[in-house]
Structure formats: structure tokens, C-alpha cells
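Below, chain A partners chain B and then partners chain C, in two separate complexes.
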Partner chain A sequence: MIAHVRRKTIFAFLGPAVAALLLVGIAPLLYAVWKSLHDFNLTKQAQTKFVGLENYWTVLTDPTFWQAMGRTATLFLISVPIQLALGLLIAIVLHRPGLTLFKTLTRLSLVLPMATTYAVVGLLAQVMLNQKYGVVNQMLGWIGIDPINFIGDPTNAFIAVIIWDIWQWTPFVALVLLAGLSTVPPEIEEAAQLETKSQWLVFRFVQLPFLIPSLVAVLILRTADTLKLFDMPFTMTRGGPGSATEFIAVLIERVGNRQFDIGLASAQAIIMLAITIFLARLYIRFFYREVN
Partner chain B sequence: MAAPLQRRALWAEGLLLIAICAFCIFPFYWMVTTSLKTQVVALQDPPAWIFTPTLANYWEVLFEDRVGVSLINSIIVAVCTTALAVILGTPAAYALARFEFRGKQDLWFWFITNRFVSPVVLAFPVFLISRELGLRDTHLALILMYLTFTLPIVIWICTDQFRSIPRELDEAAVLEGASKWRIFRSICLPLAMPGVAVSSILSFIFSWNELLFAYILAPKAAKTAPAMAITFMEGYDVPYGKIMATSTLIVIPVLIFALIASKHLVRGLTMGAVK
Partner chain C sequence: MKLKMHVSALALAASTLALGAQANAWTLEEAAKPYAGTELEVLFLDRPGYNAAIQMLPEFEAATGIKVNYTVVPYENALGEQVRDFAAGGDLDIALIDLVWIGNFAENGWIVPSETFINNAELADPALAMDDFFPLVLNAFGSWNGVNYGLPFDNYSGLLFYNRCMLEAAGFDKPPATWQEVMDVYGPALTKDGKYAYALQSKRNETQSADSFARFLWPFGGSFLNAEFKSNLLSPESQAGLQFRQDLMKFMPEGIVAYDHAETVNAFAQGDVAMITEWSAFYSTVVNPETSAVADCVEIAPEPTGPAGRKPALGGFSLAVASQADEAEQAAGWLFIQWVTSAANAGRYLEMGGVPARKSAYADPALAEKFKFIPALVESWQDGVPEFRPRFAEWPAITEIVQEWGTKMMLGEVSIEEGSKMIGEKMEAVLAEAGYYDGKKPLAQ
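Moving on to the complex of A and B:
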């Protein structure tokens, strides 16, 4: 009976949301595709002309673009495994019984980094990592390490981005994996604990299979978010020094907003979007198979 | 033999937990203490741990540097976009949870995919369009653009919530002769309030934190607090105390909301991949 719903009713319920997302999500996208087919620079608008796929060709053969993609991939490949390892450790500790109050407090403090305004993380990084006045260098001094020029040196700046990415997103990974661990039926876990003393065997054969969905979710969400990463490196280093921390979103922002070459920036953005959508589809195939 | 070993393991676990908490919280501690330092104290080498705190930075940023105005802008934008997302999103979520129609799966996919679209893809076309329409540097432009992430969150979380409400309630109401809209409005929506609350808090947090759209679309009058905070970095003499005071003002509301919704924050960030 409920299944019979008139088309008009469905339209009334869904129409406004669909229209809104078409307006703010799809229309600008189509406009970006249109602009990406033009030689369009804000400072030379009079010389705008249709150039077809030329911008795409420029982007695909542009070492700057691929270097930024490479940096983004490097960041992902270094920081995500560390986040997974630390996050798994934290999740397993939190999942064990005992010290309940302590664990509740830890869980609450884990929520803080990932909710923090990303731009503020970049500002905090600047203040704490300063070579002379920064508290991190002071602490390194206590264990006998000379002050490090985090922001001014290309390699160190990259390391600094990795450190702050780990600070902000390890808690996220830990909490996602903790939620995954709580899907393991307690009877099975207890039975396994009686069978063997080895924590590793329990983890490998009892807990890990239940963690697979969470692990895949973490991997793909971290991929998407690394491709989106803009606020933190932008506020910390503006992509510098040189282009050491110019990740893909920072590069696109620079080309469009600071070089005013919106045609080219649009082409870069569309190519990045294609990569993202490919990954999103992969993700959806894993998780959103069934509706109802 | 077993008891001391177990106690030692417990100690190790306790220490590890303290280390995790310290790792998470220390940057906030440093942010707040730096915000209470004068520029002279903030530039001490080595950094000062004990000093006489002052609220001068807060006073200055709020009333002299327009941070107060930018915080109000942030509140206006985050509240309006959240309200709009709830108004548009809850009926859509109800339809996805209750009605059967062709293309439902695809529509669902499309809503969720927005989680993956980088704002940098939309920022420039929207910049050009808003300039044409005279919407540049207005709250409205930001409110509308933030729907790209607030609306999917409301739809996702509320669809889940509506599904958990027994269908028998709807069926009974149909027998009473209630219209679909009436059932949604008077029966299901009140029962779905927990989901509406959670998704509102998450939309608020994500809108409040957003920087890229704000930075490109609202350079002056409608400038939001994160965009304001980064302007302090320009220039030679970086005012550390003021930057940290602004950061503290920005971060405190989101942290409070995050703690309130702590159980659901992960769900919001994963768009439901994890319950």
C-alpha cells in the first residue's frame, strides 16, 4: 500500500533537494568544463578564445601538475600507513576491557583533532614549529636535538605537513577502526581468547576479518581527503618553500586564484575530479550497494 | 606470578592512554596559552611556560581587527546553510527511506558522491558566476555553496533515521486518511529529531571549518573567521598572540559541538561507511 506513491508526491519531496544540488553542484561544474575549453585569464579577459582540448593537453604534459600529484601521492603513501598503524594500536587498546573512565576520556580527546578547523591547524603548526620561538624545537632541545627549520626548508616543511596530517587524522582512523572492532560478536572474541593466549592470533583470525570494511573505508576516504587537502598546507606554508608542499589542491588554487588562469585551473580541476570520481565509484561499489 | 604481570600491563596501558591524550590535547593547550601572551612573551627564546596571562589579544582582535565581525559572519553562514540543508534534506531523506521509484539508487549515489568533490573544482566557476550575479562577497553565496556538503550529510543521516522508524506507524496513519506530507510532518519528522540534531551539528561544524570557498568568494564584507585568521600571516611582524587568540575563538565552538556529537562525528566524516 505504501509502495504506491504518486509521482507528483515523490517529486514534491525530492525536487527541492535535487534542484538545490543541481544548482550548486552540477551547474558550476558544467561551467568549469566550458571554461576549461577556453584560453581564459582574468587579467586578459578580452583575449578569451575557444581552444578546445588544448588546456587538457597542457595539463597532462605539464610536469608541475604531475609533480603536485606526485607530492600528494607521496604524502598519502607516507602518512596513511603511519595513521593506520597508530590508529590500529589505539583502537585495540581502547577496545580491551578495563580502565573504562580513562578510555572514555581518551575517546573524547581523540574527537578534538579531527574537528579542529583545518586552517587553525596550519596556524598552530606555524606557531609551534617556529625555529626560534617554537615549542617543538624547545622540546627537541631537551632530548639534545638542535633546532630544526621546519617551515623554511623544503624537506622539513613536507615532514611538518606529514606530522600534522598524522596528528589530525590518526584519531579519525582510530575511531573508525574502533567502531569496526565493536562489530565483532563478543561471544566469538571471548571464545577465541579462551582458545589461545596469543593476541596476534586473535587479531589475525577473529578481529581482522571484521575490520576489512573499515580499513577499506579509511583508505578511500583518506585518498579523497588527501586529494582535497588545501587548508592546512596553505595556511602553514602557502605551498612553499618553493613548491615543496604544493599539493594538488594548492596548485589549482594558485593557478586559478593567484595566476588568474581560470581556463587552465578548470582543466586541472576537472582532471582531478575524474580521478576522484573513479575512486568514489570504487568506494560506493564497496559500501553503498543496497538501498533498503 | 600472573597478578604483578597483569598489573604491569595495566600500568603500561594507562601510560599509553595518557600519552594519546597528551598528544591530542597539547596543541590546544599551547594555542590557548600563546593567546594569553603579549608579543614580547610570545617571542621569548626559549618559549615561556610560566608567564603573566593577559586578555589583551582577545580584546584587540575582537574589537580592532574585525575578528568579531568575521565570527558573526561565520555564525550567520553556518546557521543558515544548516537550516536550509535541514529544510531541503529531510523531505528528500524521507522519500529515500519510504518511497519506491525508478532511479532511486542512482540518486542516492549522486548525493553521496558529493562527499568526494573537492571545493577547488567548484570555487572558480562559482567565483565567476557570483560575480556576474552580484553575489560575490555575500553571505548568500557561501550559504548556497556550503549546501554541497551539508545537504548530503543531512540526507544520509536522516535517511538512516527514517528507516529506523517502524513503517506500521505510516500505514496506520494512511488508514486514518492522512496525506504523505502530513505523515512526514506530524509523525515521522518528530520521531527523527535525533538524526536531525546530529546532522545539524555536523553541518554546522563542517561549514564553520570551511576555508577555500570562503577565501575565494568572500574577501571582505562576508569574510568568515577562518579566512580572517589567515590574513594575520601576511606582513612582516607576525602577531603570534593575536593569531592564537583568533584561533581559540574559532575552535572553541566546534570543539564543544564535536564533544556533544562525539559518537556521531566519525559517522558524519565517513558518510555512514561506519555505523
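Moving on to the complex of A and C:
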């Protein structure tokens, strides 16, 4: 029997959350949409005027925007599959029975990279990867490798950002997938293991179906995170050298906070939001399956 | 006749006494009385000049009852923080103005002309002596279109820091006088055994525009803009300067495009680089044995000259009263600015690590002995270019273009000519939109 819940109670519980969402999420979004339709520069407020979709046209025809998008997509296509593969491997190892203390310590240590502030991660990288004084090159020197110019070379800087992103977010993927694995009913898993010695078959036909919701969640979150990746590359390379690590969020920050062109930056951000929503819908449409 | 002379002499004496009495009558304490309890908000940077001012603050607060609340921000955030505050009518009462922000702040009406306070006998210190500031510095850092807004506070000039010990070991008894000498003589002799002759901070931020790109335009006769405000980057002089920078990279550490001030000063302080061209403000870092392994070898000279002369890098900050402050805050703000930049405090400010722009502060030969950068600094401030970087409101947009394409040039991703063309086209688009080409704005930089 379903107990009747009064309307007032529902509003009392949901109201604050909805109000907070409207205040901190929807209102700024609508403000950004409104600003994106204006020629609005903080240092030229007297010349503000309504320009309709002109900012969107400027963004969509700007090669700098698409180059930044291309770099962001490359970063995503390289780092997220590696994070998924490594995360899955770690999750499966931690899901196996035995070595309880070791696994508890591992789970705790996995939280550390995620808990480190993005900007601090970038600053750490800048110091650790310094060609002359960085600890990474010092350690490479111990095994006879010449110092590598990580930050000053465009290709190396891009690779360094990928490695740092993988270091920081693989643990997140591992923990989410570990949580997904814990939803597999133990009796089904045990029955499968009695049926076959192949770990692959157990994974493919028993564990993977239960992991699909977690994988979709990870994909959506990591896509959004990658698209808005800013703090780490900004403090590490500031988008350089040249434009080698100018990802889309770094570009938007540059236009909005350094050129003060809030109208154009808002249009860029709205387009980025649309792309994120489109990709999220795509993942759900093609990958997401309810577990029966 | 005799009587007349007596009367005249008496009148002169009386007027002198009256003026003297008026001058004596003005004290900071008296002037500040109506504003006791006023709180001022200002942004500071984490640099020696600001640390010196912070050490001096308690004295000002005790004398006036005015509280100065400062927030320390990184340089890269200082413009954005202030623009947002002024655009939103925020709390800042004093503007901290890098010389390239002065046009922006003045054109937006965010700062108050100094004349407002200088003409107010209750606020103006009779010992203010505006002509005691180096004219170039007062003009470049605090003035826009002939109107003064700010008093020079944290003042820099580009200087050549060189490691005497490394130069002597290579057979040199003096620093290079010209850039050509750096290229032809000092560079090859000092670049060996993992050490480099020279490091030029070139990271993709204001460092690339100010410290790297512009540094090799002006001494070679180049400039950002010509008289019609069109790009001058494709002129033979500008191209020669930028090509020279590119060629000089063979004497710089690998990955120089990732070097900011910290990396450059550190490379010099660790003895890995023989020469750097850096701001005078870094003097205290490289002569401090706690932060420098070559403290005893550090010597300072003016920047080398190019075919067009010295034209050293020019940078620094003035303090101005913010228009958004109320009347009491504006008056209190002026009293603080006037006090912290005063001739009376200049010596102490210098001793504490700051670099004042007061001519009188550098007159004492004993100080020049103690602070080796003083002769070079004073010489540099005779021969600088106020528009070393254009100071108009469009600079924030243009510097981003220079930073992007300037580093691409250095990396060899585009040729000098292609990069210059690209910067020129984008720069002219920004200036066209701002209205410089259709007469809406005066051609002031």
C-alpha cells in the first residue's frame, strides 16, 4: 500500500533544492544566453548593444575555436579510453576476494589524486616537469635518459597534460566501476565461476552488463570534465607553448577574463554546453541499458 | 626709494614666512583627521615593492587612523579583478595601474585625475614635488592623454643582470654594450658545458609581449604601430629585431618559451645563465645569498643598445584614486598614495626592497654603492619609450594576440613574417572595431 504524501510535504522537501538549482544553475545560464546575444565588453560597457546571433556566427567561423575544440577532442579520445581501461583493471583487481587490508589501503590512496585541487595539480606538474630542476627529469637521469623538455615543447606539453589527466582521473573511474561491480549479485558471480574458468567470459556476460550504467555515468562525467578542463593546463602551461594546450575552456577564459569580451565568451560557453548535452544524450541513447 | 626697498624686502619676507607657515602648518595627521576610521581597499602584488609598502603601513595607519586593507593577488589576476570590481561598482578605493592599463582605466572614468587633490590645499602635501618624479615614469605609468591620474609606486626598468664571474672566466672584463656583441661575441663564448649566455623570459602571458617581443622591437627601430596606427611589424626594422630574437635563441636554454620571470631569475641565480634582461625589482632576489648561488658575482648594467639606441623595457605601476570611492575614501586614498610615494619615504622604501621613482632618492652616492642597479636604472629612465607597449584600452586584446603568435614564431610554427602579418591583421581588426580608423578615437597610445 502506498501512503499518501501531502502536496505541501513534497514541496517542502523539493522546494529548497529546486530553488537552489534555479538560483545557482538556471539563472546564470539564462544570463549567459542573454549576454551572448549582445556585444558586451566589460571595458566598453557604454558601447553595449544587441547583436542577435552575431557572436554565435563569429564563434562558429573562428578557426581558433575549432582548433581548441580539436585539441580538446584529441585529449578526450586519448585520455578517457586509457582511464577506462586502467580504471577497469584496477576495479576488477580490487573486486577479487582476499588481501582485505591491502585493498582498503589502495582504495584510500585512490582518493588522493581526485582530492587534489586541479590548479595545484597543474602547479605540481610545472615544478616536477621542469627541464633543469624538476624531479621527473632528475629521476630519468638516474636511468641514463637525457632531460626532456616537457613544458617548452608543444608535443611534449600536450602529452604531459594527458599523462597528468590520466593520473588524476583514473582513480575516479576505478572507484565508480568498483561500485558498479559491487552491484553484481554474488550468487550469480559464483555460479558463473563454477560454470567456467574463463575470467573473460565471467566479465563479458556477468559483470559487464552490471557495469554499463557506471560506464555511461563515467563517460558523461569525463566528457563534461574534459570539455571544461581549465585549471590544470592553465596553471601548468597557460595554454602554451604557442597554442599547444589551449583547450576550449582555456580559450573561453582567455576571451572572457583577459579580453573581457563577455558576449563572445558566453556564446562559446553556450555552444560548449550544447555539445556536452548532445554527447550525453548520445551515450544514453547508444550505450545505456537497464540491467534486468 | 630706500623705504620702498625696505617695504619690498619686508613684503617678501612676510610672504616667505606666510608660505613657510602654511607649509609647516600642513601635516599628514591634521589632513587626515576628518577621515580617521576610513577603510581603504586596494590590490597589491606579491613583489618586493609591495612588501616594503606593507611594512610601512602601520606607521601610516597610526598617524592617520585610516586603515588600508590590501589583498595580494598574482599579477595575472590583477587586471581582471579590478576591471570586474570597477565595472560592478565594487569596493576598491585605490586602483593599482600597470602602465599598459592606464588608457583603459582613464577612458572608462574609473580613476580620478590627480589635479583634483593637488589643487585641494587641505589634502595636497606642500612637499609633494611632482617634478621630483622621473618625467618618463610619471608620464608612462600615471598619465594618459596629458592628464595625470596616478603617482608612480612600483617602478621598473629593464636592466642587464650579468654574472661577473662567468664573464671573467670567459675573458670579458665588462658586459656587452650592444645586442650585436651579445650575438657575435658573448653568446658563443658563454654558451658551453650546459651553461647558456642569455635567457629571455618568453612564456605565453604578458611576459611574452612585454619582456620578449617588445624588447627586440624598439632597440632595432621597430614598433607595434606606425603614425597612422597601422601595424608596423612588417617594417624592415621590426622584422630585423624579431629575426634577431629568433637567432639569439641558440644561446638560450632549451624550452625558453616556457620560461617566466621565476624560471629566468632562477636560472641566473643558480649560475646556469650568464646574463638576463630583467626588471629592476628582481635585484633583491639575485643578490640575496639565501635565494641566489651567485650573489657575490651579480653586476648590473643598462640593457644593450640596438641600431636605434637603448630603448629598454619599461614597466611599472602607479596608484590612483578610484572614482567609485566616496568622498572620504577618495581623500583618504589620496593621502595614502601621496604618503607612500613621497620623497620623504623614498629612501626607506628603497632600503626595504622597493624601487621609488623619485629623483631625489637616487642623489645620494652612498645609495648607488649599496644598490648596484641604481646607476643603470637612472640611465634607463632617461631613454625609455612610454608606448613601449601601447597603453590604450585595446591592449588587453592585443597582448593576447602577440602572446599567441609571438610564441608560435619562437617555436618555429610560423615564420617571423607570417607571424608578424597575422599579429598585424588581428591587431588592426581590434583597432578598427574600437574606432581608431574612422576618427572616433584619438590616435593616442
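Details
Here, the second predicted complex is superposed on the first by the 256 of 292 C-alpha atoms of A that agree within 3 Å, B and C clash if a C-alpha of one lies under 4 Å from a C-alpha of the other, contacts with A are read in each partner's own complex, and residues count from 1 in each chain.
As a working rule, a residue touches a chain if its C-beta (ideal position, glycine included) is under 8 Å from a C-beta of that chain, and two chains touch if they have at least 3 such contacts.
The model shown is predicted, which means the values in this text are computed figures rather than measured ones.
In the superposition on chain A, contact is made by A:Gln45 with chain C only, not with chain B. In the superposed pair of complexes, A:Ala191 makes contact with neither chain B nor chain C.
In the superposition on chain A, contact of A:Thr116 is made with chain B only, not with chain C. When both complexes are overlaid on chain A, the residue A:Gly25 reaches chain B alone and has no touch with chain C. In the overlay built on the shared chain, the residue A:Asn257 is in contact with chain B and with chain C. Contacts of A:Gly240 after superposition: chain C is touched, whereas chain B is not reached.
Chain A is touched at more residues by one of its partners, and among chain B and chain C that partner is B.
Of the two partner chains, chain C is the only one touched by A:Asn149; chain B is not.
Residues 132-133, 257 of chain A lie in contact with chain B in one complex and with chain C in the other.
Residues of chain B that touch chain A in their complex: 10, 13-14, 16-17, 20-21, 23-25, 27-28, 30-31, 34, 42-47, 84, 87-89, 91-92, 94-96, 98-101, 104-105, 107-126, 128-129, 144-145, 147-148, 151-152, 155, 163, 167, 170-171, 174, 180-181, 184, 205, 208-209, 211-212, 216, 226-227, 229-230, 233, 238, 240, 243-244, 247, 250-251, 254-255, 257-259, 262, 265-266, 269-270, 273-275. Interface residues of chain A facing chain B in the complex, by the touch rule stated above, are 1-3, 5, 7, 9-10, 12-14, 16-18, 20-21, 23-25, 27-29, 31-32, 35, 90, 93, 96, 98-99, 102-103, 105-120, 122-124, 126-128, 132-135, 138, 141, 167, 171-172, 175-176, 179-180, 183, 213-214, 217, 221, 224, 227-228, 230-231, 234-235, 249, 252-253, 256-257, 262, 265-266, 269-270, 272-273, 276-277, 279-280, 283-284, 287-288, 291-292. On the chain A side of its complex with chain C, the touching residues are 42-45, 130-133, 149, 151-154, 157, 237-243, 254, 257-261.
The touching residues of chain C, counted against chain A in their complex, run 79-80, 83-84, 87, 104, 108, 203-205, 253-259, 263, 266-267, 270, 272, 393, 396-397, 400, 404, 407-408, 411, 413.
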